[in-house]
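I have placed the structure first, in the form of structure tokens, so that the comments after it can refer back to it.
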Amino acid sequence: MRENTVRTIWNKGGAVINGWCGIPSSVAAENMAQAQWDSLTVDLQHGLVDYQAAVAMMQAISTTPTIPLARVPWLEPGIIMKLLDAGAYGIICPMINSRAECESFVGACRYAPAGYRSFGPVRAGWYGGPDYYAHANDTVLAIAMIETRQAVERLDEILTVPGLDGLYVGPNDLAITLGCAPSGTPTDKTVLDAIRRIAEAGKRHGIPAGIHCGSTQMAHEMIAIGYQFVTLLADNAFLAAAAKSAVSEMRTGKAAPKASGSY
Amino acid sequence: MRENTVRTIWNKGGAVINGWCGIPSSVAAENMAQAQWDSLTVDLQHGLVDYQAAVAMMQAISTTPTIPLARVPWLEPGIIMKLLDAGAYGIICPMINSRAECESFVGACRYAPAGYRSFGPVRAGWYGGPDYYAHANDTVLAIAMIETRQAVERLDEILTVPGLDGLYVGPNDLAITLGCAPSGTPTDKTVLDAIRRIAEAGKRHGIPAGIHCGSTQMAHEMIAIGYQFVTLLADNAFLAAAAKSAVSEMRTGKAAPKASGSY
Amino acid sequence: MRENTVRTIWNKGGAVINGWCGIPSSVAAENMAQAQWDSLTVDLQHGLVDYQAAVAMMQAISTTPTIPLARVPWLEPGIIMKLLDAGAYGIICPMINSRAECESFVGACRYAPAGYRSFGPVRAGWYGGPDYYAHANDTVLAIAMIETRQAVERLDEILTVPGLDGLYVGPNDLAITLGCAPSGTPTDKTVLDAIRRIAEAGKRHGIPAGIHCGSTQMAHEMIAIGYQFVTLLADNAFLAAAAKSAVSEMRTGKAAPKASGSY
Amino acid sequence: MRENTVRTIWNKGGAVINGWCGIPSSVAAENMAQAQWDSLTVDLQHGLVDYQAAVAMMQAISTTPTIPLARVPWLEPGIIMKLLDAGAYGIICPMINSRAECESFVGACRYAPAGYRSFGPVRAGWYGGPDYYAHANDTVLAIAMIETRQAVERLDEILTVPGLDGLYVGPNDLAITLGCAPSGTPTDKTVLDAIRRIAEAGKRHGIPAGIHCGSTQMAHEMIAIGYQFVTLLADNAFLAAAAKSAVSEMRTGKAAPKASGSY
Amino acid sequence: MRENTVRTIWNKGGAVINGWCGIPSSVAAENMAQAQWDSLTVDLQHGLVDYQAAVAMMQAISTTPTIPLARVPWLEPGIIMKLLDAGAYGIICPMINSRAECESFVGACRYAPAGYRSFGPVRAGWYGGPDYYAHANDTVLAIAMIETRQAVERLDEILTVPGLDGLYVGPNDLAITLGCAPSGTPTDKTVLDAIRRIAEAGKRHGIPAGIHCGSTQMAHEMIAIGYQFVTLLADNAFLAAAAKSAVSEMRTGKAAPKASGSY
Amino acid sequence: MRENTVRTIWNKGGAVINGWCGIPSSVAAENMAQAQWDSLTVDLQHGLVDYQAAVAMMQAISTTPTIPLARVPWLEPGIIMKLLDAGAYGIICPMINSRAECESFVGACRYAPAGYRSFGPVRAGWYGGPDYYAHANDTVLAIAMIETRQAVERLDEILTVPGLDGLYVGPNDLAITLGCAPSGTPTDKTVLDAIRRIAEAGKRHGIPAGIHCGSTQMAHEMIAIGYQFVTLLADNAFLAAAAKSAVSEMRTGKAAPKASGSY
């Protein structure tokens, strides 16, 4: 089976540089994939992407060595299994707030007896190889989003769910549920403390932690405090920033000031 | 009929800031349209876009005041008229190399007796208004690409075709046909001379000239020598540059050097 | 943030004229949007529409001042949040039959602490404006369908759920669960009584009530008994009626008799 | 091979009731097809439809006995042959203004030696039957649009092209090229005279003539003067009229007056 | 209402020959439908198909007498009802492991009082006929997948759910949950015993049983032991086998050996 | 630039095993690409495929080492250049019947001064590499279809067009224009003679010849007489044959006899 190089990087203690695809287009996805990210996540939650677009996007990503991951809209077994069958090498699931939710999520990613994933890996077999079934449970990643006050309070019960492979922090939702304003590059102490606490819990339980970052500066800082999977914004944010900067440079004669280190 | 503000800017002697859409997605197009370009061109030639995608992209652009234009793949009446019916407020046509080609092109954009455009402006009427037919010939733009050695040699015969509204320079094809290497920010004297000559011919005949630019710096220079319509790269180039820069900043600790002023 | 004019009309005590889109096409949606409805609902339940089509349809509607709403297939948080992120200014959710279901529904439409909506309003921000987050909870509408005998019996417990913005009656399902035949223009006393009772409960709790109508005559009657949001059939019903009438006029020499005031 | 019932009706001297599909959706097409038209034309010229949408629309039409036809964007052999391969049982080609154009058009619809159509009727074979090749030349219809002053002047040279099966009048373009305002229900004597002349020429040469009609009244009148193929508006016009009428009835309390007998 | 010939075959004691569509294309679906299957199942679980593709696929199937069925991704009411509205004449639901799940599934397929299906059969009415509502509960099929150890242990409680129309065995998942390797043509005694036991339970309760088969040989054997609905592989498996065999014959000079009687 | 292994095989005197994609689906294309063809041709002529589908199909093919080619609908520069920009490593152009047509075709595939291809290889650069422009003229293949009596008579004038890389025979059209019935596995002496004559002309001028084959047996025979590029049927033919055979085996108890060695 094709190696999941996200695991390989983690096994060496490294940090994965992850890109994010929210534009529902296989052309935009291949465009992104040319930049040699370690992994690219097709976002079916806040991205404007549904399953059929995601299939074509993962095909486009598969023209390169970048590993395709997917974020699902919600903890729903149907879409989790469909994306795995379509060749996602990992699923990021939003709003895992309890041990039961985490078990339900991990189970959807694993064939029995480890879980209850149904068998039928059509494109997964094309991408992963004919021995997909034999190695899938050990290859595809189940990554739970820790992004609420409740989840932070229950870190130890969530992180001990067998088979959980990674954590992922959504700073905006974390901020909101902690009573702060959402921000892609958080500065509230409450939020930063929670972010640190999550990384520590990950270390404690041997579960690599990831986080969405609003700038490369933040991403470097997150790696410094123990994160091993950093996402840099998203395709639509790149496009918006570049377009606005170009227009601003033409209208005002100088580039738009970059917002707090973001792209 | 809705005003074509590209004409308005030209009538005031100003320069139009034009964006370029080659990703076949209405989401990417609306993303671009948020940046307040004067106009956005949906590129059906080198962009990865066909007619059906272009319709949805022009709908997305029409959620903003930005004027939707389209570049056709080739001088073929079918697609020119289809894009006008779909609401394009101007057509950029590649490789106009003779007076006959220019007449054929302009005729496809005009109702009789000025041309031979067929009547049926379904979405054009939604976008332009119920009086579309009465004003279309004076509103939609016919913009011929001058991008070969042959076209430069025939500027005066091409520019005197009645009804031609604008010129547009593709620096890459111009360079190639002049025996130089293609470049989005040309530096060959031969190419720069031709670019200057085209602007001068435009001025002489009262036809505003436009050009594709590889950087804002080049765009400012082009405006300085008389161009009144400057395109800044393209959505896919923005996305590629931002993604590569992000990965580079993460891997090397510093941003990728920007190539000669381009985005 | 862009004003939700459905709320504005309600605040003035008026009735919203709502259209209904079940054809999965951004062209059909823009066609409908040209008719100056107060709002248009993209129907992902009984319409033949899924998420990706709905995004393009809402883009098309956003070329006009008509407010885009969406009906979801079922009470499932994933699709509710995806449609809000895509710019729906309100969600109509079918089959809300208990207080718990209503709480779950309203919560999916609200950021914490009012609910559990996840943050990432990409297109919602383009449509609503950069201050979307600050005002979203007070702007987007959570409209629960009251369309079963059970729901009618529990009106008071359902209508007191904090944050519920509106009710919506599906006369067909209401009729079926009350033991009557489904009808778009109900005449059974049982059904009409329930329809009246729902409007009264809405008034009692200050929650505007809406209803699907099979004719303009019915819509006027519903407004007369207190409904403040009336839907006139659907795009596919308009198309079917017009086509059948045209064929009938050609074959029989006279127009098809209109079925009980419907279009 | 499946019978082309358009020919059957013509052979009996009858008139074909034709519908028109410009909304790029297989759902809208099936919706239309439920009305039992004799034939439905997928419009790739002024409809917002391209090839891939047209394939799905013709599949949808093929769920009923209605015969699928297609109008191409322009006299271009590629798209004519692609639509025939996709199962169109006739092609309507715009702007046939000379004998040479008519020969080129008819040739694209016929296998050698009658023409130069390339062999590969994949879906055509599914729709027409395994003996498609043997009967295609005698079954599929080549219908030339006569819609300019020039074409009217050359009727006899155009109508004697061997293999031409039908004529089709676009009243709007005819009016424009005759110096009148475009109208779906023409009243200018110049236009009406030309319309009459075309029908007479058709009769003279044994070629059935068809025409686009803005109302059933006009369609009945056209049949009365010899037309044997009448189109009633289009799906998007039906939808627009019904939606506007519904909104008007709600806002003003009475239906919108119908424009000169149109739907 | 159009007859559901799957029921007709069952009523005569016969076995249904079912095909399987996992390629998200209406062209592939019509291609399959030309082979005169009794029924074709659009697979939204392991097929690479979502709702919008499924609609077009069912339209394509509806050009023939073959009955369209659909397998849903999971027991989720939204997608079950959407597919029924789109004209599926039966739903196959994966992983029904308890009486409660079976009741929830059957209820989603039935209008009240038999179930809780919501009313709005737009395309279902086009396909089934104007009297769809009156006969739908007795026509559309609710087929539960029995494919886990747990389900086999609970056969009698599951099969006595009122309104259940059929069973369907997924041999791969059945094998996995029984501790065996997945196989499309199972040979493990444990799996074969369970397969036999399921057919016997079906007979006992008067519920026809179906099964996915990896070869025609297996299908004949399954019919021999009482199965009345056999699926032969899937479109993508047919395509893969034919393509591999062709390449092998060209490279090695002889056909690839067929794996255990499969295609 | 990525190597065009079709050229490599030809340079070694070998024969290319080519597959054919006419189903408009990136999933079907990736399914085909798993079979390790030397090349796969996306067919935009008789396949039910247009440009936008072709882009996704070529992306899918690019997940494997198989070389993506495309057949265009007709000799039209717009679509030829669009497909090259989208990453096709060769274009097969139908109905090249004269030297002028061949020059026009080859020119559309080459940058100046060798031709008149316009510059903008967006996806071509992703697939081919950043040095695409420098090597494109020597890498991408211009393959002219020789498939009419006229073309056979003009072989020497056509084959001496500078830059022509290959020939391709369509046996069906060749047969028709020679007065024979179309056949995928021709047996008419007239057709076989022409097929032999084309291969000989190719040898004489150093231009590899290819041909569409209805069976592996025919393909082996064609290689034996000098063809260096053989296509085995098409995806839709594979699917049809497998489906029909499966149904036949179930209904009659034995496999369908294979038609004259075809799949």
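Remarks
Chains: A, B, C, D, E and F, in written order; residue numbering restarts at 1 for each.
Basically, a residue touches a chain if its C-beta (ideal position, glycine included) is under 8 Å from a C-beta of that chain, and two chains touch if they have at least 3 such contacts.
Being a predicted model, the structure only gives us computed values, none of them experimental.
The fewest steps needed to get from subunit B to subunit E, moving only between touching chains, is 2.
Counting C-beta pairs in contact across C-E and across D-E gives the higher total for C-E. With centres defined as mean CA coordinates, subunit F is found 52 Å away from subunit C. Subunit A and subunit F have CA centres that are 41 Å apart.
Averaged Cα coordinates give subunit E a centre that lies 38 Å from the centre of subunit F. With touch defined as above, residues shared between interfaces to two or more other chains in subunit A number as follows: 22, 24, 27, 31, 34, 48, 50, 52, 55, 76, 79, 123, 236. Checking each pair of chains for touch leaves A-B, A-C, A-E, A-F, B-C, B-D, B-F, C-D, C-E, D-E, D-F, E-F. By the touch criterion stated above, subunit D contacts subunit B in their complex at residues 22, 24, 44-50, 52-53, 72-74, 76, 79, 94-95, 147-148, 170, 172-173, 176-177, 179, 181-182, 236.
By the touch rule above, subunit C contacts subunit A in their complex via residues 50-52, 55, 76-79, 81-82, 85-86, 111-113, 116, 118-123, 133.
Note for the complex: subunit D touches subunit C at residues 17, 19, 23-25, 27-28, 31-32, 34-37, 48, 216, 219-220, 230, 232-233, 235-236, 238-247, 249-251, 253, 255, 263. Those residues of subunit E whose C-beta lies close enough to touch subunit D in the complex are 26-27, 30-31, 34, 55-56, 59-60, 62-63, 123, 126-127.
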